[in-house]
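Note that the chains are named A, B and C in the order they appear, and that numbering of residues resets to 1 at the start of each chain.
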Amino acid sequence: MSVLAVENLSKAFGGVQAVGGVSFAVASGERVALIGPNGAGKTTLFNCINGQLRPDGGRIRMSGQDVTGKTPHRIWRHGVGRTFQITATFTSMTVAENIQVALASADGAATGLGRRLGTRYRAEAEALIDLVGLASRTENSAAELPYGDLKRLELAVAMTNDPSLLLMDEPTAGMAADARGGMMDLVDVMVAERGVAVLFTEHDMDVVFGHADRVIVLDRGQVIAEGTPDEIRADARVRAVYLGTFDAQEAAV
Amino acid sequence: MSAPAPALRLAGIEAFYGTAQALFGVDLDVPAGSVTVLLGRNGAGKSTTLKAAMGLVNVQAGRVFIGSRDVTGVPSYKVARAGLGYVPETRRVFAGLSVEENLVVGERAADAGVAVWTRERIFDLFPPLAGMRARLAGQLSGGEQQMLTIARTLMGNPRIVLLDEPSEGLAPVIVQQIAATIQTLAAEGLTVLLSEQNVRFAMHVASRAAVIERGRILVEGPIADIAADDSVREAYLTP
Amino acid sequence: MSFIVVQAITGLASAASLFLIAVGLSIVFGVTRVVNFAHGSLYMLGAYLAFSFVAAFGESFLGYLAAILLAAIVVGGVGAVMETSLLRRIYRAPELFQLLATFGVVLVVQDLTRLIWGADDLFAPRMPGLDGAIQFLGHAVPQYDLFLIAVAFVVLGALWLLFRHTRFGVLVRAATEDREMVAALGIDQRWLFTGAFILGAALAGLGGALQIPRQAASLSMDLNIIVDAFVVVVVGGMGSIMGAFVAAVLISELLAFGVVIFPEITLVLIFMVMAVTLVLKPSGLFGRPEFTMAEDRRNPDPPLRAGDGLSRIFWWFLLVAGVAAPLVIGDFAVVVLTEIAILALFAASLHFLLWGGGLITFGHAAYFGLGAYGSGLAVFHLSLGMAPALLLAPLAGAAGALLFGWFCVRLSGIYMAMLTLAFAQMAWSAAFQWVGFTGGDNGILGVWPSAWASDPVVFYYLAFVVCAAVIWGLRHTVFSPFGYTLRATRDSALRAAAIGVDVTRHRWLAFTLAGAAAGVAGGFFAFAKGSVFPDVLFVSTSVDGLVMVLLGGLQSLAGPILGAIVFTEIETELTRLTDLWQLFLGLLIIVLVVVLPHGLVGLSALVRRRSS
């Protein structure tokens, strides 16, 4: 059974059809990249899946269960971890506390008034911190972390509910070029060790072609191509709308 | 024969965000009429250098000259009036204003001897915008917004245009259009300084390049030389 | 049928002034992102100035008209001074500080107006030439009402032209979106801000001046109108001219018809309109959603550390001092100390929301006051003893917070601040108007402690122990998973939702918890004073709490306690020396916001850093 199944999803803003009848599925342990030119509907599609937008039509199923139109905090209960294009962390907390709060929520203890958070969930948090390579930063405030480390922290937080699907919106945006590979290697570790599936959007084609098992190309709200990185690279239509080359432009001039 | 004074000169710029230092003595000359590209990775200080020229960050040491005029520490609206046009990285169109109204905000009378941009010429340069004059800027696509920010800046009739990562986040097809626009501006006699990570794009549009890393300029010169220098490419510009 | 038309005209006439002030508030907010609490003061100044000008040269129609216009122009000038001297310094400050600073101006203007024009209401003559009525289907319609309606439409049309078809208007709209970008395009936006503020101030002044033939100029005009104006901009949508117009008409018509049909229900009607609008469209009828988003916190708080050396010493010192003090001080001082213990709890419960949850409330007096009324009414109507009456206090506070909070936590930033204020003012008007139940202005008297606690020292210890315990409970909550999760929703609501937190529900629970704690303080306050008056619900009580929190320092758990002590001492001493307490408090607030934004705790940290 697919971890995520999107069936004939559509969403319009005003008169503009941002997403028009998109269907695809993500299998367990699969890494799927969603690419397309700006305005193709990637963000809208992503936000429908993560619960930030309510689709006009179609269905979204997670591990068989219908989650269409559910709010983000409910989607999370279905085993979805998220990272954002611009990192969102708790800046008044340490790295460890960021993860402890998420673990408390996973444990259903977010409204607990009893024992202090203190060292609760500490061992589990440290295991995740080690996994993303932030051990030396455990007691640092999230506000002090360099951007690359914030991205790693987000990934650790996203893993706290032991998700079956990671939704990553441009996982390497804003990172130095040499750090991008390391970040995606870490994602690959999560896939290999925890069996999580990944759906991500990305502008960096090196990341897409190096770390996706399958690529879905959107244009004007429609899926125009779907296949392995090699197939997508060779697809004439994809080259025309998205990848392009300067050679082609020079030829035209 | 001495070289003519550069259109824009940065000398020993040190800039800060709060207490964090971003630029550590940037020296950069942009010759009049050239297209100069500032190359470097994310976080190397490209955007900060452009903002420093524009008076948008806290410059604590060094000087900025437009021609022979010292504009260090001058409020950014006065820097703009001195002939510097700024096109920001994230486009920043006025989303609630129409395309036409965005152009009105940028409008400013031209100084003597500067190419004069009228709305008609702007719409000739960016034909897609002509058909959507009354549309709200927030409803435009990313590529159209990039055109609009450039157009808005041109309405101020600048001598020098600063473009902060004009290709970022845009589909390659749109990037090619932006490249053509930059070539047109250069042909009009404008001086252009742009920041880029995309070396292919940079080589396509620029004649000169400077490489910035950790808040300092490492090398500066004709772009062909810099792009040909394998050690520079390997160390600072990949991929 | 004809009655309905006549009543509708009356409503429209009332809408005119409300529109003028609300649209000014809205324009100023759009450009500067500051909600100007003192906008009502500008309105009041317009009325007083017009009164004086009319007395000087208002005998003819043209003279009267000139008096009104001159008042508007002078108020515009006052606005120019206010913008250049104060607002420019706080454009980058957090919203809460901006609201407080402009409330400081409210207090200053009130005392100055009283000094200049006296405390009595001033009745102006009617406007010559428009002092009659025309007959309409057998009903008399005042000519002046028709004049007001015409003025409102003229102003609406002029503003529309200004913002759509002049460069100034387009620039103002652009600056509303992105000030830095406007500057980078070569525009000196300082004059845009000043220009927009002068425009807004003059509109408020015009609104006030136009009122004097209908209504006496009085010192309560400022806060009465500003709360109505807040309701209008919340319903209509911040930054929207059309929104201000439609909402002003809607609210005024509701009041005009409500008064005739069921006078008691008008408040409920307004409450319903606001509630329904905000649930269906949180940014208001014509508002832009981005204005409802709280801005990113530029200076994140440091991580919380439980009990480092210095703070532990502070808490133990407080505890020991609180226990030992009655042994060494006099009776009056014990009464003051009791009040400090109660207000410390009030401030701590406010701090819990402000700092712990990032929930900007400007109406925390509602829950304090409901606690006080809960206890007072239990004694008065049910003849309950002190202990059971005190138990009702947190229930009353929590019930109010549960109801109001359901709406408030759906908003954030400035919208939340205004909605909390509006709810608190509704609670205040209910207490004020529902004479049969609450005693209205005469209050509830005879709310005295039981015999065993009638000695001031015994009552002090009771209040001290309970308040200290509740403060400790709030402090513990901050460190509990609930408190951490609450802070998580403050730091990043997006991330909190992505880890499964129901952000709205969590904030609602926190709101209710803080309401219960404030209710406890209110209950003790009632017994400490022996009476309950509507004042406990009034905006000034909310502001006192905010001043205590800011005085002590927002970023410290000890801040509200320290703030309550210092504030109560200053107030006690100063009200004995002068009747210009408001003027002083207003200036204190302005100084705090502009010079000492981190409060006394911040001051001590600053001194420590300087000396090391």
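As a working rule, a contact is a pair of C-beta atoms (placed from the backbone, for glycine too) under 8 Å apart; a residue touches a chain by one contact, two chains touch by 3 or more.
Just so it is clear, the model here is predicted, and its values are computed rather than measured.
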| item | value |
| --- | --- |
| Topology of the chain contact graph, where touching chains are joined (line, ring, star, complete, other) | complete |
| Chain centroid nearest the full-protein CA centroid | C |
| Intercentroid distance (Cα basis), chain C paired with chain A, Å | 42 |
| Rounded Å distance between chain A and chain B, as computed from the means of their C-alpha atoms | 32 |
| Multi-partner residues of chain A (at least 2 other chains) | none |
| Chain C residues within the chain A interface of the complex | 297, 300-304, 306, 476-477, 479-485, 487-488, 490-492, 494-495, 497-503, 506, 509 |
| Of all residues in chain C, those that touch chain B in their complex | 167, 170-171, 173-174, 176-178, 180-189, 288 |
| Chain A contact footprint on chain B (complex, rising order) | 41-43, 139, 141-143, 169-176, 179-180, 197, 200-201, 204, 238-239 |
| Residues of chain A touching chain C in the complex | 50, 71-73, 76-77, 81-82, 84, 88-94, 97, 100-102, 104-106, 109-118, 120, 141-143, 157-158, 160-161 |
| Chain A residues touching chain B - in the complex, by the definition given at the top | 14, 16, 36-39, 147, 174-178, 203, 206, 240-246, 248-249 |
